[in-house]
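Each structure below appears as structure tokens.
Two complexes follow with chain A in common, the first pairing it with chain B and the second with chain C.
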Partner chain A sequence: MSTVAYITARGLFGRRRVLLLLPLPVLLVGLALICRAYDVDPDQWGQAVVVGLGLAVVLPVTSLIVGTGVLGSEVDDGTIIHILTKPLPRRDIILAKLLVAVGVSAVVSCVPLYVAGVLADGNRFGLALAAAAAIGAVAYSALFLLLSLLTRRPVLLGLVYILVWEGLLGRFVSGTRVLSIEQYVITIADKIAPTDMLPGKVNLTVAIVMSVIFALGGTVYAINRLGSFSMAGETS
Partner chain B sequence: MSVVELQNVSRWYGNVVAVNDISMTLQPGVTGLLGPNGAGKTTVLHMMAGFLSPSRGAVTIDGKPTWRNPSIYRTLGLVAEREAVHGFLTARQFVIACAKMQKLPDPEAAAARALAMVEMTDAQDRRIETFSKGMRQRARVAGALVHEPQVLLLDEPFNGMDPRQRMHMMDLLHSLGDRGHTILFSSHILEEVEQLSGLVQVIVAGRLAASGDYRRIRRLMTTRPHVFALQSSDDRRLAVALIGEKSVSGVEIESGGLTVRASDYGSFTRALPRIALGEGIRLRRLLPSDESLESVFSYLLEA
Partner chain C sequence: MSEAGVIHDIGYQRYQGPRLGRGALLQAMYVHGLRAAFGLGRSAKSKIFPWGVAGIVLLVAVINAGVRSQTGNWLFDYYQLDDTMSWLVIFFAAIVAPELVSRDIRSGVLPLYFSRPVRAADYVMAKVAALVSAVFLMLGVPQFIMFLTGAFTTKTGMRGVWHELGLLIPGWGYSLLWAFIFASISLLIASLTGKRAFAAGGIVAVFLMTAPIVGVLNVLPSETAHHLSGLASPISLISGVEIWLRDRTDLGLDIGNLGPIYGIEAFCLIAACLLLLLARYRKVASL
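Take a look at the complex of A and B:
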């Protein structure tokens, strides 16, 4: 499992795509710092920066880039075959890749969210955001890893989920929020450190149960799909 | 010793039948998988390697199914046609990673052995992305051989290799075959198959058209006359004598000797020395001129 994780991490950081991870966290921290430096009231910028940029963009987009990068890139270029032709349980391969994806996504999104949270409302708020984002990173990573095995265009489909389902429908159609990881993260963070900045719209139990379902369900289904991986790069 | 077996295997994609009711058994030794483009060779290889499920029938290695069974990769090595390798690794790192994923007790030593086997020791510390096509191919073969698999499947293994590398790879496959490994390789270059293996599995339009030693396959094609090139001390007199023989269907006199068409291989080869002896003619040369794999293959395609 460690060899798979090592190859995955080397592959992830060896691709130019990893550079895409840099601008968003920098923008998030930069905006929070500017607002703080000019003494703008956190009630005016907190929600827009923390939720509008941090939770609605930085966390899911980071998870999308990393989650599809750990497996989707290898499926695309065919190098996955060197891992699949080994007597490794498919569970170990998926777990190793998920571990790398969650680790990288969590670090890249939790750190700037923590900093933005501290600047907006103190340490507790920062920690709440980081903890909720870590849970979100697990759920997003499992979902996007699975998408790499379900479709040849996981990034496109992932963007549709983030922009259309969570970003558009999530705002106007209340029923869609039950299947929105962003909403779970907001609710969990709000319960840990209640503020006016986080508009939690789903119940905490729903948020926790659904996060677990996304994470576990995505992982189990991905293991099953990888077991029937066919050489053409598609699963049957 | 491992045996790969296909029992009544079919594979279809929607309405298109890619492989149609194929049964074959691969024994230890080197076997060539032949067929025109789109015949279903790669589909068969992928099913053997566990990367495609048969729509019907069973594909097994030593009785164990290959589909959804990762444990078969302890006895199976695969060199796929697609050349992708983790280019950011050096050849040594790549083969050691393969050895570790095979859970070998001493991955470094196994990798060194495999790299030496494909003559890559000198270049082992270079990143694979800097390699030529042939070197990349050899690195992949080293990765597939690191656990010394009983069964080795290779899809177009000589692609991109220069003649010396090709010769070395042929020697390597020969020696593995001689040591009891079961090797199956596909190739569209008939000369390669001819040099490397007498045993062939010929697939045409998704069906197994022929299986076995290609010279024997040729002799079983009784509807097609066998062509021999002949030289003797008196070609014209021999031609007259041969035309009276029942198994001979035609004789042509050419500047360099005779071309004889025989309808029955066995009867003709038995009758020829008797006729020559009776006529007092000395035979200088007798060559079956359509027993090459190329002619066997073209006959099978026309059939």
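Take a look at the complex of A and C:
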């Protein structure tokens, strides 16, 4: 299992494209620093930076790129067959890959969110954001890992979820919020450190229970799917 | 490499017919690109996403047209249609741009393209034209449907139709601006990687992460920063150009008297992206 995790991590970091993950966190921290340097009231910039950029873009996009990358790129290359033919339980493969995905996306999104939170409202807010983002990273990663097994176009489907479901519909239709990981993260962070910046709109119990359902359900179903995985050619 | 059409004799089939020049090459690549953008000639699976997005925009336009024919007022006019659909335009560009250029890198056919008398400029031009047309069709056709409703329900006869046409043409121009900005940026990003997944993620990330910068610049304690804030993101850049050209003040972006700068940046952004694309294709390697 550790070998699978090692290979996955090397597959993620061994290429230049891991640098693609850098600009987002740097931008998040940079914007928070600029606002802080100009002594702008956090009530004015907090929502745009922390929610608009941090929770709505950095966390989901990082989890999407990493979460679909850990398994999806191997499915794409066809090298997944080398792992599948080893005498390893499929459960271990999924768990190892999920662990790497969660770890990477949690580090990439929690650290800048913590910094931005500290700059906006102090240590407690930063920790709340980091904790909520870590929970979000688990749920998102499980969901996107599952997507990369269900379809050959996991990134596009994940983008539909982020852009259309959470972004477009989440703003206009209140009902979609119950199935939006972004809203759970906002609610959880808001409950740990209440501020005016975070518009927590779902019930805390709902947020926690649904996050667990997303994380566990995604993992279990992904293990199930990998158990009966069939190799296919390049999508046309 | 000679200027007119070159047909390499690789010993299989002799050819004595007319030789088509660069124009035909360009046209072939353009038509292929436009078909690929909508998944024509591909499996049903690759039609889902582009047609899904185009269908939603069309549906919104039809609903809008229905409201207009019943109540006589638009839910949103030709410009607002583009603004409202901006997230879908991002998504559409993220679907189609990797389809157009990343596939070629991934399957290693670029050396094959450029061993024909195709220049980098031709290739880039054909791909950009295909994506611009695709985005324009996605926005322009719904606008045309809105125009048809407006024209058929007009109470003032021919004059009303002309009036409606006078609104549609600038609306189309606005869509064309959208198409050019989105096509040039997203093709540039997509041309950097052979993985469609990464290209799509990168395109969405660039468009989404620039939006909050505008919000931050808007709260800085400086009047000039407010006026220049729209320059930071492609979407607000486009609406800045609209504010400048149409003298609007109600679009939530205050550009002061710096309108021309928005126009210049829009032009420079498109030109710079196209030049970088050209530079990118100066040298192609088989991966």
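As a convention for this text, the second predicted complex is superposed on the first by the 230 of 236 C-alpha atoms of A that agree within 3 Å, B and C clash if a C-alpha of one lies under 4 Å from a C-alpha of the other, contacts with A are read in each partner's own complex, and residues count from 1 in each chain.
Keep this in mind: a residue touches a chain if its C-beta (ideal position, glycine included) is under 8 Å from a C-beta of that chain, and two chains touch if they have at least 3 such contacts.
Keep in mind it's a predicted model, so treat the numbers as computed, not measured.
Because the two structures share chain A, they can be overlaid on it, and in that overlay chain B and chain C fit beside each other without clashing. Once the two structures are superposed, chain B and chain C can be ranked by residues of chain A touched, with C on top. When the two structures are aligned on the shared chain, A:Gly72 is found in touch with chain C, with no touch to chain B.
Contacts of A:Pro89 after superposition: chain B is touched, whereas chain C is not reached. In the superposed model, A:Cys110 lies in contact with neither chain B nor chain C.
Once chain A of one complex is fitted onto chain A of the other, the partner contacts of A:Leu129 are absent, as it touches neither chain B nor chain C. Shared-chain residue A:Val202: touches no atom of chain B or chain C.
Using the contact criterion defined above for the overlaid structures, shared-chain residue A:Gly52 touches chain C, although it does not reach chain B.
Contacts of A:Leu99 after superposition: neither chain B nor chain C is touched.
Think of it this way: put the two complexes on top of each other by chain A, and the tightest Cα contact between chain B and chain C is 11 Å.
Residues 236 of chain A touch chain B in one complex and chain C in the other.
Across the interface of their complex, chain A is touched by residues 42, 46, 49, 51-53, 67-68, 70-74, 76-78, 80, 82-86, 88-89, 94, 97-98, 100-103, 140, 143-144 of chain B.
On the side of chain A, the complex with chain B involves touching residues 3-4, 6-7, 10-11, 14, 77-79, 81-90, 227-231, 236. If you check the complex, the residues on chain A that touch chain C are 17, 20, 23-24, 27, 31, 34-35, 38-41, 44-45, 48-49, 52-53, 56-58, 61, 64-65, 68-69, 72-73, 76, 152-156, 159-160, 162-164, 167-168, 235-236. Residues of chain C touching chain A in their complex: 42-43, 45-46, 49, 87-88, 90-91, 94-95, 193, 195-198, 200-202, 204-205, 208-209, 211-213, 215-216, 219-221.
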